[in-house]
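Multiple structures are listed underneath, in structure tokens.
The same subunit A turns up in both complexes below, where it pairs with subunit B and then with subunit C.
And now, the complex of A and B:
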């Protein structure tokens, strides 16, 4: 098996941009940082990071769609392109909001870690090999563990990192075990080879063990119930931009890898034959996540924990989308993940700005946000309403498309159809807890003496771009959907 | 005709302009708001002027929107939509006039107000079920912030209850629409396509599907026993918003029942018909009795709204052409009259005497101090009781006659409802305005404080709504001429029994 290195370079140009950018950021800070103010160093690092992300984005657009490259480890199909664009865009929004909001030492390391994590995401977007996929997943995860614990002044941040790391490491172990069983069963690491190997043998108990291991691993990573217990603590303690990345881009990239693994690796034997071995387990995870996430969110008094449980609920809807993606293609579920990521990033960036000026943990800390900063209040309203699925924001159409596909798969009596009906019923519950937060921000008066909030220019730009994207995708969904 | 879609765009543009420019002063906000409302009403009237009544929807705009599930941006109108668009224009204008005294953050108030209005116009003009649903949802969320920010009694509770009821109802609708879409093989969301797909389903599936759609929309129309959001929500809302809620938002539900639920599932409707008639009747009588014993002026009006909306649902449930025509006429009539009643209670009386308790009001003998509101309320009360000469008369009479042809018992029950409506209306009229003639001895140390005079926006708004109810009362054919041809549409024919009067 020979590898064409020019082709390899072409396929991995976005990752090359990101890694080179990360090294440059570190090197430049090392060379010139001494003697400069921390703010200046942070701004330089962020600017360089933004350039690297922009270059990677341009490279993604420029890369022509091709078949398998690099000896079948990568596939630059529409799913890979859209996912790469999505994760790069989300990382861009997060990084653009960093200068002025995140007041931490070692900004260059922070930016470099963010770029490494993003490189992991873009690799996950296109990989068709278990080995490369696992390495990419771990590259992203390790960087995210560090980002979660980056705020060394707060013990909560360390707690978040530790919990995230412990659960993540266990998940990685499950995944690796599942992957090794798959390799043992089929003798292949590439997904098409695995599919061929599995088609040639009957469904064995060992395959079921492998499938369950893989689902448990991804369940942990995606914070699907009942493997979600790390999420509230991690979201609460991690610096808000890191939490934004964990909740948005990491999920989108993981979804792409998961979709590919299920659809081209562990695929159902025939289109109208018996369902693939993972259908039942996935349906259980989706149902549990929807119920647990939505009901637990009701009892939260802390905005971040609420967002964490809402993330669990959204993971349930995403898994439902995965369940029907065999019939419907990846379009609806990827649209859902992208728009969910955008809304989550917006909400966490609002919290990030607030963190710089007094902090925001409990719902009551948001009281009177509309007077303290109309921009933040407006963005928070747009993002939470999108998460709740209110048109014209894109979150509505994401839910709509996924549920429509689920019902189309077999009517309300089929398994996906029934889960979709459950999800629709729970959306009324979800609106309640989002409105509780918005009530504080938009209706209640601010605490006496609460100062007005100054939104740094980068964060303001990033927040406005997020809302604009939510509206644009909500009104013109074909911008994204016709890429598939 | 081609002016009709602009009602939506003008309202949205007005909302945006209000946010951008309206913060300068309350006067700018009010001026912009009135201009937007008048522009919407004028566009509706222009559209009506160029309208020739035909059976079936007449397309205004039809372009592809989302390719995958076959969603189209399809606006269309028939006589029924036209009546409701006219009502929206009237109610929006009157609502702005009665919100003239909103001072705190007037720009944001009116911006949310017109966001709601644009959703309402959109629902009445949609011919694609997805589009209709989007507009329906756009009309829901602004209500929360309008009530929670600018409302009165128990406003956060009332707002949350109202929005959650509406949203839960819309979740049922969404489930039903997606089911119908799936039944049609996922071809599209056009009402005609969905009707073809869903009405071909076996009756065993149509029954639950119809339940989802009708109950889902019915929640917003005040369908008993899901009506409880309406009184609390109406009472908590600021006056202009109460007028809109009772005036047009409840009509969204009834319109959805008529436009979506009935045509989609004729067989489902046949199975549900007895229950629906019973629920509508229960709503009329129950809300009427509850209104009879309320101690809060605004709650009386809130429950009377539910009772009068019961007539609309009864007309739909009876499903004879005359009853359905009466139901649409009643939507218009109730929209105007409920707006008028809420305006008197919430704006003209409460903002001056700062109490809505009937025993307090009784002690004041308000007809001496507030002769104009007393006059308006007497006229509105007559209209609400269904006296000839006002729009309520042809509407309720038409519903009763139409219902008599299918179910004489329902008609008798509803006739009893008319009597109850007269009872609670007369009671509240007597107690609130015509208390004891000499309540306060002239020698009393505390003479009653002088009340603010009635302002010109209040007079204009009251005159506008009174003129509308009297005009339709004297000349119902003006609206029936639009409504009756619309009932000949192929979508409604499988539902309607009997011949057009």
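And now, the complex of A and C:
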């Protein structure tokens, strides 16, 4: 098999931009950083990183969707393109907000790690090979472990990184085991080959075990119950921008890989045949996540842990979207993931800005935010309302699309329909705990003597862009949906 | 001449709407900036609207449409669109032009108001939504804009919300129009269900095109009504609410609590005419049942009847009002009734003609009233005005022009021609002559009350302090008056029976009918009678002081009392619907508090409790259980497992257990 290198270069241009950017950031900081203030170095590194991300974004837009490339390990289809755009955009928002909010001694390394993680995400977005997919996943994960533990001045950060790493390593082991079983069953590493191999044999216990192992691995990535236990600790301890990336872009990229794997690799052989082997297990994960996430969030007094449990709940809705994506196409669930990612990034970036000025952990730390910084309060309100699914923010339409598809798939009596009804009922619970946070921010008076908050320019820009995107996608959902 | 590409139509409503958004965030201490932005944006819209009109007039028979997908759900898509045809673009030019004049007037009127910035923000929002309403090619988009103009109207009526009357009037306007809008919404939902689209024109598949119309007229529903009749009547509910038709007219006179420029723009010239516009827009749908001779009722007959009743009702009540703005408000109700009557008798072009001329002269009258109010330190009671002819010469002269246009003084004034067109249509209506006779009575009454208003305000001697010390308003307020006065005269010549340019442009199939001379003579005689009667009672012997009773109150006290009380509509509603509503609300509140609240509290407790249990099991019990099982491992890893919350080993155990359970479930499920 020959590989067309020019085609390869074309297909991997975004990744090339990111890796080159990361190396450039590191090299430049090493060469010129000595003697400059930490602030200056951080700014330069962030600027270079933004340039690399922008270049990767431009390359993604420039590449027309084509078929399989690189000997069938990548597929540049609309799903890949939208996911790449999404993860790059989310990374851009996170990085733009970093200078001025996160005071770190080794900013260049931080930026480089962020770029490496993003390269992992973009690879996951398009891969159709188990091997490349696993490598991409690990590239992203290892970078994220480091980012979670980057704030060496706080023990919580180290704790978060350690737990995330420990859990992630075990999940990766499950995933790899599952992949190797699939390879053993079908003799193929590329998804079309696996599908062909599985179509030729009956459903065996070994296949079921392999599928469940893969589900466990992805369940960890998506923080789906019962594999969610790392999330509250990691979200709480990690630096807020790193948590934002873990909660948003990593989920989107993981979702794309997962969708591809389930839909084109492990798909049911015939449309009206028996359901694919993963349906039942996926439904269990979705239901558990919805219930556990929403109910546990009620009892939280810490904003970040609340966001973590709400992430578990959203993972449940995402898995529901995956469950019905065979019928509806990937549009609704990817729309959900993108808008969820945007709102989460916005919320975490607000916390990041607050972290730079005294910290924000408990609900009470947000008291009087409206007085202290109208911008932050407004953005937080927009993002939480979007997470809760209130129009005109995009979160509403994401929920609407996914639930509508689930109900249409077989009516309220079918499995997806029943989960959708449960999810709708739990949305009311979710609104309650989001509103508790908003009450602190918008209604409560600030603690006496609490100073006004200065929002750094980059963060302000990034926050405004986040809300603008939430509104734009909410009002004109076709901007994204017509890409599919 | 350059034409606006239909793809760029969205710019026309977006410019003022964007201006509103920007004005909302500019600092309040720079009101000039906000006003300038509002004016500039609307001027831009006016230019674009004129270009669009040029494009639409170049070939009136073809409709320029641009549709786009808003979003796709499943296999269907919700599509919105823009439409450039003579009807929409002509009205858009009118709205932008009159709006620009009224924005200018507001610069002077609100010079000292500290919240002027907000005023211009709301006005711009209104202008954007109104222009969007006129240019929409989708009833859904129209409905969105429809509700937005309602919101802007609410905000502006209640602009001086510190005054209880203003706050109350704003609420009343919002709720009353909402009742009509419920009908409109139901109509839209039904229409979407019956035809699968809400686009007006869509290359043969729109709701106003032959295919959909024949489907709608062909199906019948409850009471033997054609579906098109039922949907048409539901849509007309919305139009009646917005356009102040009896019985939903009660909000419009109260809306005069808003600043006078608002009354001129929204509650006289543009928004209240949106109902007439809607009827004209969906006219093919309303007329679809005319081909069914056996239908129990035709939608257009209802429109005509409601219009006739409204025209007489408004004119009669206006006779006995003492507030300068209330007289004009009831006059607006009456004139909107005329327009509905015209549309109901099939002459929707005449309705639009009257809409255009009425917009100009009624805006002129309201701005004139605003100028009077401004000059006399907020004196609105005509009994305490008087003698303003010398003190406010420009206002007086232009107000007289507006009065003559509204009264229908022959030949020179635009109101005459548009009213003639309506009377002609009503006379030629095949179903009944009753609306025609009612309209004739309203013609005489209109001339009478307008003469009364002019005489009371401008003739005689001042009867109050405000009137004695009045001075002419600044140029920024009088120039719009002069411009509108010129338009009030000249617009009429666009639609005379000898050269019905407007009618032909709006409807290329329009044919001018001969033989209107006799009718014209009758209406001129009626106008002359009305003016003469008004002049003999109010002009020749002006009342001596503010407390002297009205001449009508002396001669027919009971009738005058009933009319002054607006024929008791508000009281009737308060006694019936208001009571009913209050009783229902009290019952609902009791049910809520005793039954539902208990249930909700119980559920909420349950939810919170479940949340706590779930957290505790996650973080304590499960971890604890696994801790006990994994003590050996735990000893080695105690260094990093001793954390503030969860325990890492427990987490991994949980993962393993989850895997085992899932795998077992999958295997068992498959084995079964």
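Just so we're on the same page, the second predicted complex is superposed on the first by the 484 of 484 C-alpha atoms of A that agree within 3 Å, B and C clash if a C-alpha of one lies under 4 Å from a C-alpha of the other, contacts with A are read in each partner's own complex, and residues count from 1 in each chain.
Convention: contacts are C-beta pairs under 8 Å (C-beta built on N, C-alpha and C of every residue); 3 or more make two chains touch, one makes a residue touch a chain.
If you're wondering where the values come from, they're calculated on a predicted model, not measured in any experiment.
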Clash-or-fit label for the pair subunit B, subunit C on subunit A: clash
First (subunit B), second (subunit C), both or neither touched by A:477: both
Subunit B versus subunit C as contact partner of A:435, first or second or both or neither: first
Subunit B versus subunit C as contact partner of A:362, first or second or both or neither: neither
Which superposed partner A:461 touches (first subunit B, second subunit C, both, neither): neither
Subunit B versus subunit C as contact partner of A:421, first or second or both or neither: first
Greater residue coverage of subunit A in the superposed arrangement, subunit B or subunit C: C
Which superposed partner A:401 touches (first subunit B, second subunit C, both, neither): both
Clash-bearing segment of subunit C relative to subunit B, given 9-17, 99-107, 153-161 or 423-431: 153-161
Doubly contacted subunit A residues - partners subunit C and subunit B: 331, 397, 400-401, 404, 408, 432, 477-478, 481-482
Contact footprint of subunit C on subunit A as seen in their complex: 156, 159, 162-163, 166-167, 170-171, 174, 203, 205, 208-209, 211-213, 215-216, 219-220, 226-227, 229-230, 232-233, 236, 277, 280-281, 284-285, 291-292, 295-300, 328, 331, 397, 400-401, 404-405, 408, 429, 432, 476-478, 481-482
Residue numbers on subunit C that touch subunit A, as the complex places them: 68-74, 604, 607-608, 610-612, 614-615, 618, 640, 643-646, 648, 650-652, 654-659, 662-663, 665-667, 669-670
Complex contact set, residues of subunit B against subunit A: 66-69, 130, 133-134, 137-138, 140-141, 144-145, 148-149, 156, 160, 163-164, 167-168, 171, 174-175, 178-179, 181-183, 185-186
Subunit A to subunit B touching residues, read off their complex: 331-332, 385, 390-392, 396-397, 400-401, 403-404, 407-408, 411-412, 417, 420-421, 424-425, 427-428, 431-432, 435, 439, 442-443, 477-478, 481-482
